[in-house]
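The two complexes that follow have subunit A in common; it is paired with subunit B in the first and with subunit C in the second.
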Partner chain A sequence: MNSSKIKEQGGKAIFAGTAGICILAVIAIFVFIILQSIPALSKIGFTDFLFGTKWNPDANDIYANDLVGKYGILNMIVGTVFSTIGALAVGGTLGYFTAVYLAFFCKGKLKKIINTMVNLLAGIPSVIYGFFAIKAVMKLFNWMSPTGNATGLFMTSLILGIMILPTVTSLTKTSLEAVPKSYYEGALALGATHEHAVFKTMVPAAKSGIKAALILGIGRALGETMAVVMVAGNSPQIPDGLFESFRTLTANIVLEMSYAGEVQMGALFSTGAVLLVFVAVINILMGFVKTGGQKTKSKKSLPLWDKITSKINFGKIGKIACFVSAVFAGIFLVSLVVYILIMGLPHITGQLLFGEFEYGGEISILPSIVATLMTILLSIVIAIPLGIATAIFLNEYTKKGSRFISIIRSAVDILSGVPSIVYGLFGAITFVVLLGGSYSILAGSLTISIMLLPTVIRSTEESLKSVPDSFREGSLALGAGKLRTIFKVVLPSAMPGIIAAVILSIGRVVSESAPFMFTMGASIKPMPDGYMSSGTTLAVALYKLSSENLHTNEAYATACILIVIVLALNLLAEWVGKKLEKKLNGETNGIRTKHKRKAS
Partner chain B sequence: MEYGQNISVKQADLYYGDFHALKNINIEIPAKKITAFIGPSGCGKSTLLKCFNRMNDLVEGCKITGEFKIGEVDIYKTNDVNALRKNVGMVFQKPNPFPMSVYDNIAYGPRTFGIKKRAQLDEIVERSLKQAAMWDELKDRLNKSALGLSGGQQQRLCIARALSISPKIILMDEPTSALDPISTGKIEELCGELKEQATIVIVTHNMQQATRISDKTGFFLLGDLVEFGDTDQIFTNPKNEKTENYITGRFG
Partner chain C sequence: MKKAKKLIVALLVCVMAFATFAFAGCGEKEISVITRNEGSGTRDAFESIVKSDAGVKLGDAELKDGVLQYDSTSTVITQVSSVETAIGYVSLGSVDDTIKVLKVNGVEATAANVLNGTYKLQRPFVIMTNKTVELQDATADFIRFLKSTQAQEIVAGDYVKQEEGAVQYTSPSTALSGTVVIRGSTSVDPLMDVLIGKYKEINGNKVANVEFQKDCQGSSAGISAVKGDTAGNVIGLSSSAIKDADAPSMNYFHIALDAIAVIVNKNNELSDITISQLFDIYTGAITKFSELSSK
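Showing the complex of A and B:
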């Protein structure tokens, strides 16, 4: 009797402890990055750093001497703001209309296909977006650029826009679908057309959800790194044209980390700190939208907006915009995949896949494949149990209005909003330093593990929520304790979501590159001989191959392998989710109909 | 101290937050009889039922005072809720079989209390299903998902599941309200057989059901136990005017 009490209490303590790790991680990220930036900020001067328009670092600058280099990041801040606005213009609009299309204007198979496509867009690695942009999309626009080269603000906005489209779409869609159907029916009863009901009744009712979707999209655009590095041009100047080269905050870190001197390094961490400030602002805005959306139920009308909208015939234009957006997203995905397959497949050779890697000689990505697998294995082993335990704590031990719980929730939100490059910075000063100062697969795996937590927690929590309370009651009423109820009844029922989380996490490890570059290494190497070896994952290898511009064929082939893996994983996650869902509820139907037949 | 088969409640009050859901309840529920709780919706029948196996512990802000004894055990003084629930089984309004095989559903309870041997589990599964009059129906589908059964079968499976740990008391909260008349009939018949070994407390909205199966009936109204007595007496010769109004259909 006593021992079972101890077990229950111990279990709860462990769940709470793992949940605490999330809070700890957030604190650690902020504290470490800020601590690292304080010396640089005080040396450079806070205002000179934030409002200086010259970025011209000198690798020999150390804190003890006078500075030779210039360390002002205003241009990069402006660049980040511009590209984010651009991304929002493209991705916000397309994402919004695609969501409306999915929610109200399409049905059945088509809806499923477009849905899947949007999900796949979310799964495609940032490096692949960048790579596809350089190799293909840019060629379509080069003629528009005065320099004949389409790198710059326009290209970045376009690519970033498509990258944030899935975020905007799925969140907008969710909030549109949450609007009670009776609103729609009410509008129709008053004589509105379908289109009018959608745009005048349903969309306004989902306003706060749509705002949240756009803010989240902004967050993603701000933090995006690899694709931006590949298409922005990267000169640290304020772009004065759509095709001018510019640099974002994230790109600044990636470009200079590997050879930075003392002060320069500090300035890069300070850049990371600025990104964290953006993240904090986004989270605060998000909080306002969430609470404000409920408070201000009364309709605040914008006179100008109403005047404009009343003139437009939403019936036609809206519907067309929706259709065009959805189709555009689909076409982009298909052309990306097809292009990379066509260009890459012929170059997938035995040497590339299974050969020996030689410095300066033949390229083989076998070491990268092995490093990727090692990273997947370790990060899953770490992140999945931690994430599940946290989700269990949040969902099964919640007391309504508990402070601890709401702090954990905000921690999870913040973690999911921290840009991947900032995770990279964090890993570089914590895990890399702890492990002796050199890059290792272990350090990379630990870094990505923290990054996976929010995804695992959310998706597990979703599936825990979908387990009916009657299962829990049934188990408790049989005298089972809470732990037994959780492990024997609740978790097995939540399995589809958990397995989907595992698969998506694997996809994430495969796709990410920014967190690895300064934790496990960025140069392609021979076979790793353990977790303490440095190495590159496939995505980092692709970045390296494409930026060196020497091994174009190998780059195509690597991109091809990468995209096949990622698409397969994403489709698998969807399929497994559905399959298991069916197994849990649906197997049911088979037998039930049989039974009915017998009865009749 | 031993869990018995009779329930004795003295001066019990229950609050959900500020809401006074049960008001000074005193009731003696006899062993190995069927006791029915009737009354209009929201009067506190389920609330009282859930006190007997402390399922109300799960509800935040639920405060309970007074004495609840099962046999000699004062159930709100014991700290082993699991042992209480082993002795006091429960069947819910909506059938809630676990998403597992029929076999595992029934073996769940015994396994909880440490029975692992296959032969012993086999025996319990067979006994429980026989007691629930389902053995012949289900013996060939023990390994099929319990979710594949019809609603009536699911509910009887839940009864078998409750029987698997040989409870001394079985609580049933409107166990037939989601079922068709034939399944309802089967469950009523089953209750008649089960009272040979266990005390049954059943909440029902169906007054015919109460008269058909119960020995004792309690009538509740707005958190009060208005009248409690032999079923015959309650339905033929109620002492309280409110009871009479209710059973004659004048309100509720």
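Showing the complex of A and C:
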């Protein structure tokens, strides 16, 4: 008896401990980044740094001497804000209407197809977005720009907008679908048309969820790096037109990190710290939306505005907007995939995929494939158990509203909001240093593992929530302990969510590049011979292959392979989801019949 | 309501934006000036060679506002190939047929013109090691190879040879082991790949246990890596001449010369440009290509 109690307590302690790791990770990220930036901030001067409008660093600046370079990031803060607003204008609008379209205006096969498309958009590596943007999309818009070059604020907003669309769409859709059906029926019963019921009843009811979706979209836009570097123009000035070049905070880090001198490096870490402040602000905003959103907002609108809008049949316009948005997203995706496939497929050769890597010989991405697989394996082994345990702790062991829980939850939220390039910075000063100072697959895997935690936790928790309490009660009533209940009853039922978490994580590892460049290395290399050798994942390899313009075909081929992997992962996720759902239904029936038998 | 509001605002913005574009669409466009990111050896070399008529280096002058900065050669080439009014510069070795290379001061960018010095926009590829630490055997041997005639044969493939002092390389008498760390210029990176390949081919089993750790993220990164070398196994690559401030702390030699090609869109009628015109374009004194022909 006693030993089982010890086991139970021990189990709980372990789950709590893993949950604590999330808090620890957040603290570590903030502390390390801020510690690295303090010397630079005090040398440069806090206000000069934040409000200085000249960024002209000198790599030879050291803390002991007077500064030669200028380190003011105001222009980049403004640039980041501008591009985020632009992204929200594009992606927020499109994402919102696409979600409404998915939730209310389309059914059956079409719905499924659009759903898959949105998921696919979410999975495409940002390097490919950037690649596609400068190779194809900008040609469409060059004529509009006064310099004939479309890159700058406009292109960045467009590309970032498409990139945040999946986030906005899927979250908005979820909250729309959570609105009770009776609202809709009530509206219809009162004589409203379908469009009216949707836009006047359902949408307002889902307001706080939609706001949350937009805020998460902002977070995504803020932290995006690799695509932005390719299309923003990167001159550190405030853009005074849609086609003016500008630099974002994230781009600043990735552009200068590799060669930065002492003070410059500190200034880049300070840039990271500013990004963290943005993340914190977004999380606080999110908190407001979650708690007070629905209560405090009363409907206020200008009488004149009402007059105008009452004349317009905006239900119809809304419906059209929905359709147009969904189609636009679809067209973008299809053209991206088709373009990459056309350019890449002919160049996929045996040598490229399986050839032996030789210095100066023909390109082989086999080492990158292996490095990617190694990274996937290790990060899954680390992140999945930790994430599952944390989710179990959050869902099974704690009461709602406990302080510890809310701290863990905000830690998870912050972790998911931290820009990937900041993870890269963090990995570079912690794991890389700890492991002896040189790039290694191990350091990269550890870095990405922390990034994966929030995804795993959320996805697992969702599925734990969906396990009916009666299962737990039944198991406990039969005399099983809590641990046993969790492992034998709850977890098996939550399997679909866990599998989804694994697939999502794999997708994330495949598509990320910013966190790897300063932890794993960025040159195409021979086969890694262990976790301590450096390496490049496929996404980084793509970036590198294209960079000197000597292996463009191979870069297209690599992009092609990445797209195929993302596509396959998406299909796999769907297939597994379906299979498990079926199996699960069977199983739960099984449990139910067992229960019945016992009862009788 | 809110949605309708949003919709109308969006429509207005679209209309206004298109009106602006319609205006912007007429008339001759401004030059879209593209440079590399700071820390790039290519940019460093470009800015130290390009001078105004008065002799002011571009590096000491201020670039015009809004010059696009990209961190890779391919982004520069891609943009120039798609933007009719763009101008940029890249290593001659990276040039492909999607863009047009300009003559500089009337001289074509060719290996011969680089070697005889008539093509002005040229820079050395520099190999650097730390002066204060003793090099490990494997690293020292590889350096010996880099200085050899065999290495120069490879250089001659795509770049301009630097034959001064090159001697025949012979394999070491005993097998070597250890790690050679290579850091620095992305422009030298492709050449280095071939050189490492050749080195391995010549030495076979003798260097089977020598591991090359090559990670190239820019010339400046190479210089700082060499300065920070305590183990004696770091080789730095720079695609720009070593500055006086850095010279005392390192041993270095030029392995090749490279031309920096000034590139424009294929539809651009321009075929020739002068150094001082380049200076004016990058500092903003010239904003349209038509101003070039009239001057």
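Just so we're on the same page, the second predicted complex is superposed on the first by the 568 of 600 C-alpha atoms of A that agree within 3 Å, B and C clash if a C-alpha of one lies under 4 Å from a C-alpha of the other, contacts with A are read in each partner's own complex, and residues count from 1 in each chain.
What we mean here is this: a residue touches a chain if its C-beta (ideal position, glycine included) is under 8 Å from a C-beta of that chain, and two chains touch if they have at least 3 such contacts.
Model, not experiment: these values are computed from the prediction.
S.K.: Based on the superposed arrangement, let me know which partner A:283 touches: subunit B (first), subunit C (second), both, or neither?
M.R.: A:283 contacts neither subunit B nor subunit C.
S.K.: In the overlay, answer first, second, both or neither for which of subunit B and subunit C A:255 touches.
M.R.: So A:255 only meets subunit C here.
S.K.: Return the chain, subunit B or subunit C, that is in touch with more residues of subunit A.
M.R.: C
S.K.: Return first, second, both or neither, reflecting whether A:53 touches subunit B, subunit C, both chains, or no partner chain.
M.R.: In the superposed model, A:53 contacts neither subunit B nor subunit C.
S.K.: Considering only touches as defined above, state whether A:416 meets subunit B (first), subunit C (second), both or neither.
M.R.: It touches nothing on subunit B or subunit C.
S.K.: Once the structures are superposed on A, label A:438 by its partner contacts, choosing first (subunit B), second (subunit C), both or neither.
M.R.: Second partner only.
S.K.: Which parts of subunit A are touched by subunit B and by subunit C alike?
M.R.: Touching subunit B in the first complex and subunit C in the second, no residue of subunit A appears in both lists.
S.K.: Please output the residues of subunit A touching subunit C within their complex, sorted ascending.
M.R.: 57, 59-60, 89, 93, 134-135, 138-139, 142-151, 199, 203, 229-230, 233-235, 237, 242-245, 247, 254-256, 258-261, 299, 301, 305-306, 308-309, 312, 314, 317-318, 321, 358-361, 438-439, 521-523, 525-526, 534, 546-550, 552, 555
S.K.: State the interface residues of subunit B toward subunit A in the complex, per the touch definition above.
M.R.: 53, 55, 58, 60, 79-80, 82-86, 89-90, 92, 94, 96-100, 108-109, 112-113, 141, 144-145, 147-150, 153, 158, 161-162, 164-165
S.K.: Could you pull out which subunit C residues touch subunit A in their complex?
M.R.: Touch residues, subunit C against subunit A: 1-8, 10, 13, 17, 20-21, 24-25, 29-32, 37-39, 63, 65-75, 77-79, 82-86, 90-91, 93-94, 96, 181, 186-187, 189-190, 193-198, 200, 212-221, 224, 245.
S.K.: Which subunit A residues qualify as touching subunit B in the complex?
M.R.: Result: residues 1, 4-5, 399-400, 468, 470-471, 473-481, 484, 488-489, 492-493, 584-585, 587-592, 595-596, 599 of subunit A touch subunit B.
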